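Here come two complexes built around subunit A, the first alongside subunit B, the second alongside subunit C.
And then the complex of A and B:
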């Protein structure tokens, strides 16, 4: 049922923290959205989930913490098989940052919003205050603590949403195009935060994204297409594979595209790391 | 002019203690049939500015002229209904403006409301769907059962269906996949160049709009930091950094090549393809002059 995998298996060396076996799902039996997905993600991996609009990326991650009723197949998260009994424990391991931050605000102020999640974890006041301070500082939003979420701009809202999830320090963090509303500067900051999170080794990151720079920074790319897993590759393999890029509706990062266009003109250069390196290579 | 702003300021909660000035002393001219990009850091007033363009917000100070309607601070607004048909606004999360039970009903709601016949409205809805690259089979579907990207395209189609002369879009491409983004930008370009519509796009992805926009407005903390042609922006992109924005890579690579060869009069090459063509035509960068590149080529083979 699946289309053939391209590239090698990249399941990583750590213990599998998320595994799916033969998972299918559809709102309407005649139009299945996901068909027979089998994959495994190890603890500490940073995985990009890519594919064209409407291919089932959001559906897949919502199945993981049972925001959608499970269809066929088995889902195991942090060693627990997803079932009525384990939903609560599984949801505690997974933090999810949605596409549209307005969907997840509940507090009357930014501070309350972030504390709401922490209260649910029964932390001490000191611990709550410490995490509030640490995560709002890292995301550059500590000047917004007393504001109502409605007063914030789109990018600010997104940062608040991210801070409120990270403050709960879940083992698995899922970003559903969470950076799509951020400007490039804020996106780079988010990338920095994600890189720190990976370096800490505590987090497994699953990121639905179309952003070339985010994909490039991750360890592994899972591509969904036509309801199945179309590829399981490294970012470099993805960006070198024009056919796969086209299939997933993706574009490569600008320097990669420039190198390819130059190749078409008969000029061979490696993908430059910066414009300076590019100029120095072409015109030494 | 399609849109002209003269010394426009806008404050939220103007007469209260919580007064918040979002825009200060903005002067802006958008010629009919042009394509304009608006950039600025998060919270710089971009979305507020757009809402002045069809009278959702009234200026606290100054004058806003849109097509033949003038809205002046402190004066009673003229009738805005005709203006709202002629100026289509696509919000940041356009999917939030969908409400009907089928996509088709959603798309014909606006046109019917503005007095089109049912048949005409349906024809416009179909055209708008095709323009957005959406399958006509989706017309019968419930809009809330579409994927995020499809919903966004359908919502943009619902604005196109009203046949507006001026189309204003707030971050239209966020959450679309890159191919759909490129298609949307090309569609906007066609609407502009072939049908003479005025297109205004707020974007934080300057890269994708740079090759197409005629002019740019860059906002910083509610004031104009830059206003001018794409050439002027490409000549000195450092203004973007002063506004807390990152200079797009296409602009950085263009600048590097232009500086190396002192290309002051050349039109900026802001796509990888056009820049590669230019490089191929430059001395010692071309494929013919392989002697200069021998070292590099050997590495490769």
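And then the complex of A and C:
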């Protein structure tokens, strides 16, 4: 077992919307998947959850809205302590987008899929119509309403999944490796959607990812290793820490690698935050 | 995606049949099945054919789509025809080849069976072509609602049907991928002898079933993450509305049934 790291709220951030205190979980008590996780996530933060395969990332997020039975420890979401009585209310606060866009398509058409969650909220016809129109327009899928899942590309399916979740207007959106099955173009589209969501300021984003660009775009990184919290750092701190990168099976973002290679060649360049910043540094 | 599969796919043309209440269409189809079983003469078959083609044409869906729906069952229809032809020995012998004879009764019953089956498939395809799966489920739920008193859960039944229909193409696609993966390793199902085919089928079914369970697990997570709880109250975006055309639609089938029974 690795050393346990107690996650902290970053300085200057708002009120905690997710709090975990001593959370442990495992199907077999002798082989726990998660052990003594304590962390807190503030309203409006974009947090990347990283770590090697099998370290418990998906288990952790599934525990947040009780998709898995509760283990030891306390989980508080939007001020509600997770229990049998609060599951329904907590699930209304958390939306989840999963890895495989095919397996999360519930309706036979895009419209039915988006309405599935809204009908569960017992909304009026007018409210459902308004949200259906608003979120499909926002995600550029309003022309696909009558389409079947088989007629959509991977990127379009993932947009439908995101629209289905956002239409339910949760305060917290969790992406469980949502970009891992997408091509480069669709992945960039997803990153764009996430950046728009952050700009709106009303969503707290928790994203399980192995993608360096997505990590770099987030505000904070939680690294899991061997079922414990190994680090709670900023993306820049993560990418400067070679040992942590190796532990999490991650690579540096391309501009960082290039900057390091140039530094090794004796060309002084600062490590950039993005490709654009890197270009501006090289050609001011 | 399995392009050839048209089960559960609606084809929107905005015709009057599309606008009907799903309950009317389901009831109409049930009446149609009864009418088909009642038809026992060539005149009744002709009436049925005219009625069916007229209703199908009024949907403004090209007839080739209806024919496509019957295509996968053409060998079954041929099999039924041959069995009737060889097993029914009533009426006069039409053709004799050595000890084998084909009788007028066999020919007639064989033809009736094929025509019945053909119209049953093509006409019932009308239900899925003109109704989205969501509305179809609502209609079924509406029809089954009176059985709630006897402990039946219509919402559970319709949810099961809709998920099954939704995943048929996905699982077929997956089986194609597994078959191709096996063929690429030298185990081409098409080229194996029958005994080997049976053995290979097991190695095909195991990964498909395992994958179906995995998909089911993911789907449950997705449904629960969207707040789904069994038997919890839900609102409905598309509401069922019974109108005058729904009554006319049902009446058409009743009149047709009476006509077929009389001729």
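Just so it is clear, the second predicted complex is superposed on the first by the 260 of 284 C-alpha atoms of A that agree within 3 Å, B and C clash if a C-alpha of one lies under 4 Å from a C-alpha of the other, contacts with A are read in each partner's own complex, and residues count from 1 in each chain.
By our rule, a residue touches a chain if its C-beta (ideal position, glycine included) is under 8 Å from a C-beta of that chain, and two chains touch if they have at least 3 such contacts.
Everything numeric here is computed off the predicted structure, so don't read it as measured data.
By the document's definition of touching, of the two partners only subunit C reaches A:164; subunit B does not. When the two complexes are overlaid on their common chain A, residue A:100 makes contact with subunit B and with subunit C alike. Of the two partner chains placed by superposition, only subunit B is touched by A:255; subunit C is not. With both complexes superposed, B is the one of subunit B and subunit C in contact with more subunit A residues.
In the superposition on chain A, A:54 makes contact with subunit B only, while subunit C stays out of contact range. When the shared chain is aligned, no partner comes close enough to touch A:239: not subunit B, not subunit C. Contacts of A:177 after superposition: subunit B is touched, whereas subunit C is not reached.
Legend: residue contacts after superposition of the two complexes on their common chain; A:185 is shown touching subunit B, with no touch to subunit C.
Common to the subunit B-facing and subunit C-facing surfaces of subunit A are residues 100, 102, 151. The touching residues of subunit B, counted against subunit A in their complex, run 20, 41-43, 47, 92-93, 145-150, 153, 171, 174-182, 204-205, 207, 244-246, 248-250, 252-253, 255-257, 260, 272-273, 275-277, 279-280, 284-287, 293, 296-297, 300.
For subunit A in complex with subunit C, the touching residues are 62, 65, 67, 88, 91-92, 94-96, 98, 100, 102-109, 111-112, 115-125, 128-129, 132, 146, 148-151, 164-165, 168. Taken in their complex, subunit A has these residues touching subunit B: 27, 51-55, 58, 99-100, 102, 151-156, 177, 180-186, 188, 210, 212, 246, 248-251, 253-255, 257-258, 260-262, 264-270, 275-276, 278-279, 281-283. The part of subunit C that touches subunit A in the complex is made up of residues 1-2, 8-9, 12, 132-134, 162-163, 165-166, 169-170, 173, 214-215, 218-219, 221-229, 232-237, 239.
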